[in-house]
Each structure stands twice: as C-alpha cells, then as structure tokens.
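My questions will all concern the structure given below.
Letters A, B, C, D and E mark the chains in the order given here, with residues in each chain numbered from 1 onward.
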Amino acid sequence: MSLVFFYVFAILTVASALCVIAFRNTLSCAFALVSTFFGVACLYAMLEAHFLAAMQVLVYAGAIMVLFLFVIMLMNLGREEILKIKMSFVGVLGILIGGYLATILLLRLSGLTSGFPQLANFGGIREVGRAMFTDFLVPFEITSFLLLIAVVGVVVLARRET
Amino acid sequence: MTPTLAHYITLSAILFSIGVTGVVCRRNALVIFMSIELMLNAANLAFIAFARHRGTVDGEVLAFFVIALAAAEVAVGLAIIVAIFRKQGTIDVGEIRFLKG
Amino acid sequence: MNSLLTATIFSPMLGVLLLALVPRGRETAMRAVALVVSLLPLFLSVVLFARFRGTGEFEFQEIVPWLQGYQVDYRIGVDGFSLPLIVLTAILVPLVVLQSWKDYEGRVRGFLIFLLVLETGLIGVFCALDLFLFYVFWEAMLVPMYFLIGGWGGERRIYAAIKFVLYTMVGSLLMLAAILYLYFAGGHSFNVTSLYGLNIPQNAQYFLFGAFALAFAIKVPLFPFHTCLPDAHVEAPTGGSVLLAGVLLKMGTYGFLRFAMPLFPEASSVFLPAISILAVIGIIYGSLVSMVQPDLKKLVAYTSVAHLGFVMLGIMSLTPQGVMGASLQMLNHGVSTGALFLLVGMIYERRHTRQIAAFGGLATPMPLFAVLFLIVTVSSIALPLTNGFVGEFLILAGSFKANPITASLAATGVILGAVAMLWMVKKVFFGPVTSEENKTLTDLSFREVALMIPLIVLIFWIGIGPGFLTRKMEKSVTKFIERTTWHPSIGQR
Amino acid sequence: MENLLFGISIGALVALIPALPLVGGLLNGFIALVCRSRRRPVPKPLVGVIGVLMPLLSFALVVYLWSLAKDPAVGFTTPPLWKWISVGDFIAPLSFKVDRLSLLMGAVVTGVGSLIHVYSLGYMSHDHGFARYYAYLNFFLFSMLVLVFGSNLPLLFVGWEGVGLCSYLLIGFWFDDPAKAAAGMKAFIVNRIGDFGFLLGMFLIYSHLSAKGLHDPNGLLTFEVLEKFKGDLFLIATPVCLLLFIGATGKSAQLPLYVWLPDAMAGPTPVSALIHAATMVTAGVYMIARLHFLYTLSPVAMQVVAVVGMATALFAALIALVQSDIKKVLAYSTISQLGYMIFGVGVGAFSAAIFHLMTHAFFKACLFLGSGSVIHAMSGEQDIWKMGGLRRKMPVTFYTFAVSVLAISGIAPFAGFFSKDAILWQGFATGHTILWGLGFLTSGLTAFYMNRLFAAVFLGKPRDGHLYEHAHESPVSMTLPLALLGVLAVVGGWVGIPEALKGHDHFFRWFAPIFAYEEFFAKIEARGHGLELLLAIATLLWVVHLSLFANVLYSQKLGRMQKLAEKMGKVRLVIENKFYVDEIYRFLIVRPLTWVSDKVLWRFTDQKVVDTLLVEGTADTVGLLGRALGLMQSGVIQTYALLFAVGAVAMIGFFVL
Amino acid sequence: MASVDWTAIIPLAAPLFALLGAGVAILLLAPFAKRIFPVLILLVSALSLVYAFFAAWAGWMSGAPLSLGLLLFDRMAYGFDFVLILAALLTIFLSKDYLPEEHIKDGEYYALILFATAGGMIIAHAGDLMVLFLGLEVASLSAYILSGMKRNVVKSYEASLKYFIMGSIASGFFLYGIAMAYGAAGSTSFTALQKLTIPPAEPILVALAIALILIGVGFKIAAVPFHLWSPDVYEGAPTSVTAYMATAIKTAGFAALIRIVLAVGHIPQIPWTTVLSTLAVLTMTVGNLVAIRQHNIKRMLAYSSIAHAGYALVGVAAALQKNVMAESTLAAVLFYLFAYSLMTIGAFAVVIAIGRRGDQAEELTDYAGLAEKHPYLAAAMALFLFSLTGMPPTIGFVGKFYLFSGAIEAGLYGLVIVGVLNSVVSAYYYLGPIVKMYFQKRRDYALPPLSYTLVATIFLCVFVILYLGLFPSNVFLMARESVREIVF
C-alpha cells in the first residue's frame, strides 16, 4: 500500500522536477517547483519525518517560493524574453550528462536493499529539537550567521544606487 | 509492500540528476537556481531516508540546516540576480559574459 | 680568518648596498663604487688562491646549519676546480665595470647592481658543497642575468632573455627533482662529500645522472642544447656576454666535474661515450657554423660551443691529462672569449653594428685594436704559448688515450676553428678600408687597453707557465678520476 | 760542459738562442705599436739595429755552442728551465736538444736569417711597417729556433705552429690587399691541416707509451726518451710516422698540401727567401731527420715518404716550367727541391737530405734575394716577360743569381750538385730505381726552368724599355748578403764531396754518429764508387745540356718558343693553371663545407630544426594547448556548469564504476 | 554524542568568537563609524584579527589537542588559523584606500571579510562534515557577496553571479556527498568516519560520498576541472577581494580537503593517490598553460592561483601514502599555503597600487616602464613574481622545495617531473610583467599617492618572502609541529 503512495508521490516529484527544467516560462517553472517541494514533503511524511515535512512546506514552498515569484514579478519577464531560451548544443550535452549521471547513480544505488526499522517517536519535533540544541548547537549557531550574512548580502547587493 | 531505502535513494538520485541537468541546460538564471534547489532537495531526501534507515535523528537535523542554508542562498542569489537585471536588463546567463578567456 | 670564502662570496653585495645609497644622477660615482667594490672579491680570491694548498680535499670549508627539519647546511669550500673559476669571475667583473664606463647613461645603477649580484651568485655556485645551497645559487644567478640581458641588451633582448631563463630552468628544475631524490636516497643529506660514493641502484643512477647532466648540458651548452647560447650571447650587453661566456658556461662543465660524474660513477660510465660523441659533434658543428656567421658575437658564440665541446671531451676522457686540460680550458675559454667579447663590445660602441660585412681593413685605422684582437684570436685557436694551446693539447692528449677515434675527430676542430676565426679576422681587419665610417674610427683609449692587459697577461702566463695552476689542481683531478672511475667487478669503491 | 760563457748554465745559454730574437721581436713590436698608434715615424735605425743584432747574436751563440759540441758527437739535452706542461705522465719540459743536427740547422737558420735581416734593411727601408716587419721576422726566428732546438715533440710543435703564425703574418704583411691577406690565411689553414696529423701522431706515441705504463721524468715525448723506448714503438711506428708525415707535407709543401706555398709569395721577398725557401719549409725534413730512429722502424712509411717526395719534386717542376712570375717559378722550384729532400729522408738518406737542405738554403735564399733585388729594381714588376737584359744594369745581382742557378741546376762544382747527387745516389743505392729515374728527369727539368728564368730575366734584350730605363743595382745592404750567399752557393757543397769524387765525404761522416745504422751503410757501400761516379756524370751531362738549351732558347729564340707553346695548347693550359689543384680543392672541399655549414648546419639544423621546430615548437605547442584549454573559458556559465558536470560525472564514474 | 562542556570552548575558540563578534559589532557600528573616527571600522577589524592571532597563538602554544566532537582544537587547526588571519589582515590593509576608490561600503565589507575568515576557521576546526560544510558556506556566501561589491560594475556582478551559481552547484554535490557519507557511516562526524571500513559500510555509498565531497572541495580550491569559475570571478571581483579569495578562501578549501582526507584517507579501497595525483596534474597543467596567454594581470594571477593549488595538491597527494598522512609533507602543504598567500597578496597589493580611480590598469601593458617611474614598486612586483615562479632565495622556492621533496619521498616521481615542467611554463608568464616593467618603454601615468597601509603591506610581504626564503626553518618546524598530533 505504502509502495503505491510512494510511487504516486515519486512520480509527482519527478514529473514536476522535469517540468521545472523543461518549461519555458519561468513562472511555470516556479509553480512546478512548488509542486516538487510538495511531493518531497509528502515523501518526508512517509518517512515519518513530520517536522521536516512541515518545514519543507513552510520554508520551501512558502518562503523560498515566494521569494522566487517575487523576483519573477519584479523582473516582469515577458514572453519574448522567455522564447529566446532555446535548445542548444550545450543543452543537449547537458541532458546527456545528466542522464548519464542518473544512470550511474541508479545502477549502483538501486542495489541498496535494506528496509526501515520500526521506530517509535522517530522524527518528532521533540527529538529534533533536542538534538539541534545540544549536539548540533554549533552548526545551528553557524546557520544563524549564515542567515545574517545573507541579510547583509541582500542589503549590499540589491540596494539601489544612492 | 513498503518502499525500501533503495526506493528513496533512487528517487533522490533521480531528483539530483534532474537538478544537474537543469543547471547545465538552462540559460535562465532563475531556473538554474531552481534546479539547484532540486539538488538540495535530493540531498535532503537522502538525509531523511538514511536517518529513517539508521533510526537516528541526526539526518533530520542536517536536513533542517540545509533548508536554512537554502533560504540564505536563495536570498543572496536572488539579490545578485536583481542587481544584474537592473544593470543589464537580462538574466540570460548566455548574455552575461564580459569575463572570459 | 676562517670566513674568507664567505667574505669573497658576499663582498659584492656590499657594493649593492652602497650603490643604492649613491644619489640619483651621480653616475661616475656609481661606477667608481662598483669598481672599487668589485676589486674586493678579486683581492680576497687572490688571497685564497695564494693560501690554497691544493690537497685535493675541499679547503676553506665553512659549515653552518641552515634549514632544520631538512639537513641543509651552509657548506662551502673550494678545491682545484672551483678556485680558479672564482678567481676568473673576480677578474672579469671589474673589467666589465671598466668596459662599460661610458655606457648606459641614465641606467647605470641597475646594471652595476645586477652585475654585482650576479658575481655573488657565480662565486656562490662554485663554492657550494651542499646541493641545496648549490641549487639556490644556481637559480639565483638566473635573475640578474635575466635582467642584464633583458634590460641592457640588443634588439631581440627580450626573446633572448626569456629563452635563456626557460632553457636553464628546464634543466635545473629536473635537477632539483634529482637532488631531492638523492637526499632521500643518501641518508637525508645534501652534503656532496658524503654523497660521493653512495650506493645508488643502477636504474636510479641513470635517471639522476640524466637529470643532472641535462641541466649542465644546457648550461655548457652541449650540442643539441646550444641554441639559446648564440641568442643570449648576441643580445646580451657586452658585460653580460663576457660573464656569460666567461663564467656561466663553466657552471655546466663544473657541474659535471663536481656533481654529475662523481656522484653517479656507474651511470657516467654508461653515458660517457654518448656525451663524448655529443662533445665531438659540438666541436665540429660549432666550428663549422661559426665559420658562416655574419655577426661577430654570434661567431664567437658558436666558437664557444666548440670550445666547450673540448672541455666536455676532456672531462669525459677520465684521464688526468684530459681532465686537467678541461679545467684549464674552462679558464682559458673564460679569458679568451671574455676578451673577445670585450673587444667586440669596443668596436660595437664605435660603429653600433656587429655585422662582419660592415667592417674591413680595420687594422689600418685601429692598429692597437687589431693587435689585441689578433692576440686573443691566436689564443682562441690554441696556438702554442697561449693559454688555449695548453688546454686543448692536454684535452686531446688525454682523450686520445681514452678513445683515439673521438679525439681524432675532435682534433679536426683545431683546423675548423682556425678557419672560422681567421676568416673573420681577415674580413674584419684586412683588406682595404671600404666604408667611410670605418676610416675615421679612433683606436682604443687608454682605459680600453688597460682593461685588456690583465687578460693578455693571463693568456701568455697560462700559455707559458701553467704550472702555477696545474700544481694546485693536480690533486683535485686525481681525486675526481678516483671518484668517477667505476669498476664493474668490485662495484663501487 | 763546465766551460761556459759568463757562468750562465747550459740550459739558459741554449735558451738564449731563441730568446734573443724573441726579445728583439717584442721590442720591435712595441715600437711598432707605439709609433703606429701615436702616428709618429718609426725610428728606423733603432729598429734595424735591434732587428739585425739579435739574430747575429744568436748566430754567434750557435757557433759558440758548436765549438762546445765537438767532443760528444751525439749531443745532449739541457736540463729543463721549467716544466712547461706537467700533468701525470704527460710532461713537456722546457729543455733543448743540442746535437750536430740541431746545431747545423740552427747555424743555417741564424746564419741565413741574419743575412736576410741585413738584406731587409735595404729592401724594406721605404715601408711604413718597417718596425712591424722586423718584429715579425724576429718572432719567426724565435719560433724557428724553438723548433730546431726543442728537446721534445711538444716543444718542437710550439716552434712548428709559431713559424706558421709568423708565416701567416708575413705573407699577409701588406694586409690591405685582400689577396695577400687571403694567401696568409690559406697558408695557415693548410698548415693546420698538416698540424692535425702531427698532433695525432704525437698523441698516438704518447698514449701508446703511457698505456704500456712507461714513464720518464723528462716526459715521454722527449727525443732522447723516445729513442730509448724505440723498441716499444715498433707496433705503431707506421701510423705514427704517416701521421707525422702529414704534418711534414703541410709544412714542407708536399703533395697534396703544397698549395699554400705558391700563394705565399705574396709576402715581401726577403720573407719568401727566409721562410718559404731556406728555413721554415724545411722543418718537415728536419722533423723527419730528428725522428729518423722512428721512421727507420717503418719501411712502409719510409716508402710513402719517398714516393710523395719524388712525386712532389716532379709535379712542381712541371708547373715551374711554364710560370711567368719570377717568384712563382722560384716557389715551385722550392717545392720541387723540398721534394728531393723528402725523397732523401724517405730513402733513409738523412744526412744527404740535410745536406741538400743546407745547400738549398744558400742558393735558394740567394735566388730569392736576387729576385727581390730584381723586383726592387723593376719597381715591383714580377713578370719575367717584361724583364730581360738586366745583366748589365745589375751586375752583382746577375752574378750571384747565375751562381745560384748553376747550383740549383746541379752543375758541378756548385753546392747543389753534391747534395742533390748524394740524395739521388743514395736513393738509387737503396734500390729506389724508378724513383731515381724520376729524380733524374726532374733534375733535368729543374735545370731547364731555372735557366729559362735566368735567361729571360738577365739575358737577351730588354722587353720593357721603360722599366729597363729605371732599373738599377740595389744598395749595399742588399748586395752584401747576396754576395755572401752567392759565395756559399758555390762553396757550400764542398763540405760533402763524396769519396767517389775523391772527396772525404765530411758531411756524411760528421752525421754518422747521429744517423748511425749499419744496414744503410752496408747497402751504400755494396754498390761501389764506380756506379756512383757513372750516375753522377750522367746526371751532370743531362743537366748541363738542358741548361745550355734553355739559355739559348730563352735568350735568343724566344719567338720560336712561343710558337711551340701555342702548339702545346691544352696541355700547356693545364700546366699553366697548376693542374687546377686550387680549383679542385675549392670545388671539392671549401665550397661544400661552407655550403653545408651555412645552409644545412646553421640555417637548417640550428635555426629550423632545433630552434624553430624543437624549441619554439615546444613553446608554440604549449601556447596552443593553452589556447585550446582557454576555449573552455567561454564566459558562459552554462559551459562552465557543463564542464563541471562532465568532470563530476567522470570523477563519480571513476569512483563508482 | 557526548555531552559537551561548552565553557571549555570559550578560550579555545576565542579567535573564532573574536572575528564573529567583531563582524557583528562592525555591522552595528557602520552607520555612525565615520562620525566617530574615520578609520574606526578598519581599526576594529584589524584589532580583532590581531587579537584572534594572539588567541590562536595561545591555543597553539597550549599544546594538548582537544576534540569537542563538532569542533576540533588541534595545532593544525590553529596553523590554518594563522594563515587565514594573516591573509585577512593583509587584505584589510590593502583595502583601506581601495574601497573608497571603488565606492565599496566599508562596514559590510570588513564585516564580511571577518565572517569569511571565521568561516575558514570553522572549516579548519571542524570535527564534523556538516560543520565543515556550513563553515564552507559561511565563507562562500561572504565571498559571493564580496565579489559583487563593486558598485554598479557589471563585471563585478557577473563575477558574483558566476561564483554563486557554480558555488551552489558545488555545494549541491558536496551536500549530496555528505548525505551519502551519512548513509554509510550513520553520522557525519569525523570520529565516525575515522572508524569507517568497507565492509560493513556499503562500498557504493562510501565511494559516492568521497567522490561527491571531493568534487565540492575541488571547486573550493579551484582544482581542474572544477576551476572554471575562478578566472572570471578573480577578474571581476574587487582586487582586494580577489586577493582575499585567492589566499584565504583557497587556504580554507585546503583545510577542508586535508580534514576530509585525514578522516577518510584510511579507507584502502579508495585510489587516493591516483585521484589526487590526477587532480594535481590537471590543475597544475591547465592553470599554467592557460595563464600563458592572459593579458589581464588579475586573470593571469587567477590562473597562477589555480596552478599553485595544483602544486599544493601534489603535496596532499604525496602526504597521503599508504593511507597514512606523512607529517612533514603535510607540513609542507601548510607552509606552501602560507608562502603562496604572502606572495599572492603582495602581487595583488601592487596591482591595487598601480590601479587608478576609474581605470583599474589591469592590463599587462599598463605595467610598461614601471621600473623607471616606480623602481621600488616594480622591484617588489618582480620579487613577488619570482617568488611565485619559485626562484631562490624566496619563500616560493622554499615552499616548492618542501612540497616536491615530500613528493619525492613518497615516490611520486612522475608528479614531481610534471610539477617542475609546469614551473618552467609558469616562469614564462611570470616573466611577462617583468618584461613589461623593466624592458619596455615608459608609459606616462600618474599614480595616486600610495597609502601607507598599502606600502606597509607590500613591504611586509617583501620582507617575509625574502627572510623566510633564506631562513625558513622556524616556520617550517612550526608547521611540522602543527601536524604532529591531529585529533578527530
């Protein structure tokens, strides 16, 4: 049963991911991306990582995608702009490379057969929180600096000429 | 029938490859960013699958950091794009090539 | 005073400091400073020579630990091979300063500074007994030479300077790799004396010898590696050419004597015939090509190829006569070719051309010049009672003992070299004065004659009484042969 | 040997012989340089005094030594002044060999040399390079004396090369004439080719002896030591002798290296007399005589020497028949006479060869000086067809020249007769009958062309009135040496009148201790005096007839002669052009060599192959690679990403697959 | 994971805290700093760096290495700290007069430099792949921003964009690699990775993890074929930032590489030598070959920096022999990074000195005749270039000497030969500017007066390059001491 769900979500994820890289319209890409994020979030949920699934939806599908959309709107990329994007030699090569990479990975990774142990309380917000503020305090703090730097960066880079 | 680790990891590999393909193929800087997000998501999926497989919570914490990192990166990246767009009026990376050789 | 050698090496640096202090524009003062300072190493090296006992061991040794972690020492000392070359260097530098007395107005300071730095590098190369130290001097000397050629040279000076540096570096960097290998193979030591007689596996010896030999062969230059020499010689300023021909080329042959051969006797014994043949080719080739050169400096440069071929042949003979001849010939070539370049520089100063075709009948307006030139030519084509003869004669005698065929072929160089030089002399000095510009040429000034005199004296001194040198070198020669001779039956000594 | 002059050691005393001219040369050279660069006139008296005095003093010293050398016939080697070269067993001490051979040679050199120095006072008096001339000449004497007295091969080689250098300088003395400078260079180079052989010969001896483990404190190449180790040299005697003989063919102008000598006539005439007739060119003969003990070890080498000598004699005589330049005729005659000497040493007749060397020095110097006198008188004209009838204008020259022509023609009792006859006889006696026949023929040719020259210059009618009007006898400084040499040309041969002619054969006996070897004596003795006498008379008749014939022909029947010459046509052309040897050499050796050097070695190998292809090719390849790799840097992010991905996939593939 | 005594961290991580704190303080001070004291920000950042230096010194001297799981405090980490701090310090000295010329806001600039340095230090001290990665991101993100800071200059933005995109891709790979490592070892800490063996770990996961992580790190150190961003970014970025990136960020990258190799280098199934040698050869060769045809000095130095990364990779490849790190070779790498940083910063300092307002004078032709007009500047530049070439008696030579001798000791002869041949090629292009400066005709230009900080920087570099070129022992011994005891 869960395998069916898995396939549903997996197909949703992969299909929308393909749409992200295939659509011509940037806006469509963004929406496809949102769909991908949702698919991934569902998979998180299937893996009992409910907290992460929530974060995925909130941060990714919410915050990050809004940013993207905001920028797309800001730039007001018209159709003409989009049409210029054509398949090129590099693009073909890129697809070949990507396909090759996928093949390598699939060939070797599909060999993993282990299943998942039954666990109580896996992925609960409590466990995650504890780990984050004890064992992983250092990376957590570093992450906060990352965000600080990002803030500074945005200020510095996107500020209009004075 | 439940999906095994292999299913998830395979899926994440596909997702990763799609991300790489997107980065390589597209000339639109925004779409490139999106493809990068796909790669990060693939990693996250792997993290969580492994965490589930190992039964440790570490992977989830790591995935959380990645989400935060992604947010920070996107912010900076979009800021750069905005700056460039203001100056050049395009986000086609094929046209932004003053530096070469 | 047991740091006499160090003082000799670094005394030119004093001049660099002083030159930096001379105010801009006071060029005569700069020249005077450089001259006086360059007499310092000359004095010191003569003192060294006088005190040198010629025991065959390294004398005046100084050892100071340098790099910890790696057993690198500041280890210097001289033997019969290096000391004469040091004296030669110290003699040539003041002459170069004198020669350039009227040149390079506005750019004198740099010229003199690089000259003095070069002197330190050159003397250092000949003193170093630690491979690391040797390499440092060897490479460091490239820099001033590069600037001298590039900054004060002729038309294609940049091409020549870069070619010179790159050529040298190809060899020397491979040598560095070999030096490093030797360090680890030889019980973590760069000390030459302790590396002599080291048991190195056969195959490794071949590669190591190859690396060393390549570096030195390029410097010598041995036959197929010679093409940077004509360019560098022609484009370098007179002083640069003098030191290039006079001393720098000897670094290659010295390298064979000091390092490549005694360190790897077995490989030497294998490569010896090949190098001898290259040397012979160099002799014949150099002479033939020099015969048809239209440019005076180029001609002299190609004769250098031939002369250094003789030196290599002598070294490869591994006989006392051959090796002694070679080390004498190193000196002789320095004196004679140095003198030739000085003379060519003098005429270049007057006519701003070195094309043989531009001259003719110079003996009429410039008799003094012609006489000096002839004397030097005679020394260069090794007529008896000049220095060149003693060297070449001993080399041929020694190498004939080792291999009559190569020696016989090399002896044809005696003919061909004479053809080249005399043809040039004929075209430059004899015949009627055809060009108007040549009719009004002034003969050498007192300064110019004065600076030639030491070299002329040396030409005849070594030619008539070489004993003062051979006595001090003899033990070193035997030592070299002892170290280099490889006896297959008993392996290494 | 204790009885010495002013207490100077014997070594130093012998050293003084060459040293005096050296000092003279240095002084004169210095004067020449100073005057030239200060543009002051040369103090000719001073230069002259120095220049003449030094050879005279040397001559006196030789004579003095001669008086000492009477007792020990074999001579001695002086203790070295210092060891010139001393490396391992290779030792070349600065010591001198004094024996009858070197003393005789020294006496000839300094004696004739002194005379020519005197002669030059007059001959060169108007030349700008007076001081330079004397400097060179003195240097020459120095070198020649080192050659003669040197106790070992390297020292001999010093002189050998030294005379070559002086010859180069003196031939090109008037250097502003390119042809003269070229002649000097040619002489030097051709000599160097010979020296090449000489060097190899020396090295062969040395390496052979050294390899045998022999050594001697005086060096292995000292003559005394060589003689001592004669037995050890047996194996290599033939190659050594042949190699050394190459040197001799260069210096003594034998086939095939004789080509420089005719050109060498470009030098001042006294120089031709001294260097290119009397002394330097005989160095080869001297060297072989010096090493007679070595040559006698190798019959093969001796045979080669004899054949080459006689061939040269005949060949040069043929060319001399048709030359019209007075000095060229003399030059070819010199080559021819040198051929005799070489033939002499080749058959083992060392003393006879030296005898001829001496007499030749006298009469040939006299001839050259005489021709110099003529040229002087004719304002530099050298073409014999423009002369004629000079007998009356220049009596001293005429008589001395006549005597010398008789001497060279081999007419008794003049000097040449005895010496040439000794060589021919001894050649015949040792069984070289065919060569003797050629020698006989050549002697006739010699008589013919010498008398042709004589007749054309001095007899008959003046052919150029203008030149004839201005002709005059030379000053005393020139005629005096002429006269002295003329006397010597007459009496010089009397010291060696053979027993067959009721003489005492002094010369032969005097040298017997040096060239002593029984076999040779035995061969000669065996033939008996009767045959010797017969052959001598035959030769004499032959040359007298030809001499007379030539004299008559060229003083009176000149027109007929010219018709005859025209009929000869092509043959004459070939001979007149000296058998085109110079041209052949130029075509076969000089031009290919320069062409190869220029086009193949320099422009192709050096510039194209090594420089362009290998050096710059490497650089260009590196540059090209850089350019190609630089294409990656297109500036487009996509490309970068693609390449990144390619790299990444490659890496992943490497790890995973 | 053991519970951690966080108070113990404070003195040990003082350098890190100092920089982060100073960075935040500068951000806060920036709006009013000019009014208080013109160079207040510079002063604060300099002082914080100096303090960090001494704190690191204290840490280094205290000896006993300490592992706190996520952060390591061993001498190697402090050793990298020294290089990073030095590079940052020299960079801010370079920047003082450069920033106003380029209209760069100094507050954010200095803060970001401090943050980036802190990021580098986090890498050096990381005890966990995730920490290392985050440190890398801190440094990278700061660098992305820094390289885009030239106001309104499209090249600067382009540099930033390229750097960002390529950097993100690399991060993606790196991250995926971490995920694989996590899958293989069950943890991302080096302690866990140290114990990793095959089996029980899945070989495929280990291999993938290492490959992907190497790709990510390869990007940071600009190893070929992951180098393509660097010439463009180095050219477009503000020169002082280029100097910083070429030195500090690259050093941080090597710190990451070395930490990772130390952690997983023991796995015998991985062909370490082959991989690292191949990377080294490619990196040296491509860097040097392409550098030949550059005419922009910044670009040329960018390629040269690629090439130098290749040399350092030789050291890393040589250090890891038979899956054990050789002490002195690792020390050689550390020494080389230090040496390289000095010469590169020196060279960029001269580039800044020559550059003028409005026209950056970055073309090689702009250097024509410099020696006549500014002999000392030209001499300094020549020295830096000779040092980069590896001519004795400069630190560049000593550095190469140590590296190559390590490689010879490890038996990597082929690698050394490629290395030395590359040095010859490099000589060619390093001589180019010297040719221009010394042998070509003067080009008339008026330089703005040199600022004291710039002169001091150049002088310091010259002095150290020469002094350590002659007497490098102490520093090398210190480097060797640094790598003697390494914790996980």
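Here is the rule we use: a residue touches a chain if its C-beta (ideal position, glycine included) is under 8 Å from a C-beta of that chain, and two chains touch if they have at least 3 such contacts.
On a predicted model such as this, the values are computed, not experimentally measured, just so you know.
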{"item": "Any chain that touches chain C and chain A", "value": "D, E"}
{"item": "Neighbouring chains shared between chain D and chain E, ordered by label", "value": "A, B, C"}
{"item": "Greatest separation from chain B - chain, by CA centre", "value": "D"}
{"item": "Inter-chain pair with the most contacting C-beta pairs", "value": "A-B"}
{"item": "Chain whose averaged C-alpha position falls nearest the assembly-wide average", "value": "C"}
{"item": "Centroid-based (C-alpha) most distant chain relative to chain A", "value": "D"}
{"item": "Where chain A and chain E are represented by their mean Cα positions, the distance between them in whole Å", "value": "31"}
{"item": "Between chain B and chain D, centroid-to-centroid distance (C-alpha), Å", "value": "96"}
{"item": "Inter-centroid spacing, chain E versus chain C (mean Cα positions, whole Å)", "value": "43"}
{"item": "CA centroid of chain A to CA centroid of chain B, Å", "value": "6"}
{"item": "Shared-contact residues (touching 2 or more other chains) in chain C", "value": "166"}
{"item": "Residues of chain B touching at least two other chains", "value": "9, 16, 19-20, 23-27, 32-33, 44, 49, 51, 53, 58, 65, 69, 72-73, 76, 80-81, 83, 93, 96-101"}
{"item": "Touching two or more other chains - residues of chain D", "value": "619, 630, 633, 635-639, 641-642, 645-646, 648, 652, 656"}
{"item": "All chain pairs that touch each other", "value": "A-B, A-D, A-E, B-D, B-E, C-D, C-E, D-E"}
{"item": "In the complex with chain E, residue positions of chain C that touch it", "value": "66-70, 110, 132, 135-137, 139-140, 142-143, 146-147, 150-151, 157-158, 161-162, 165-166, 169-170, 173-174, 176-177, 180-181, 183-184, 207"}
{"item": "Contacting residues of chain E [partner chain C, same complex]", "value": "328, 371, 386, 391-393, 397-398, 401-402, 404-405, 408-409, 413, 416-417, 420-421, 423-424, 427-428, 431, 434-435, 438-439, 471-474, 476-477, 480"}
{"item": "Contact footprint of chain A on chain E as seen in their complex", "value": "1, 3-4, 6, 20, 24, 27, 69-71, 105, 108, 111-112, 115, 118, 122, 128, 130-131, 134-135, 137-138, 141-142, 144-145, 148-149, 151-152, 157, 160, 202, 204-205, 208"}
{"item": "Chain D to chain E touching residues, read off their complex", "value": "619, 622-623, 625-627, 629-630, 632-633, 635, 637, 639-641, 643-644, 646-648, 650-652, 654-656"}
{"item": "Sites on chain E touched by chain D in the complex", "value": "161-162, 165-166, 169-170, 173, 204, 207-208, 210-212, 214-215, 218-219, 224-226, 228-229, 231-232, 270, 275, 286, 289-293, 425, 428"}
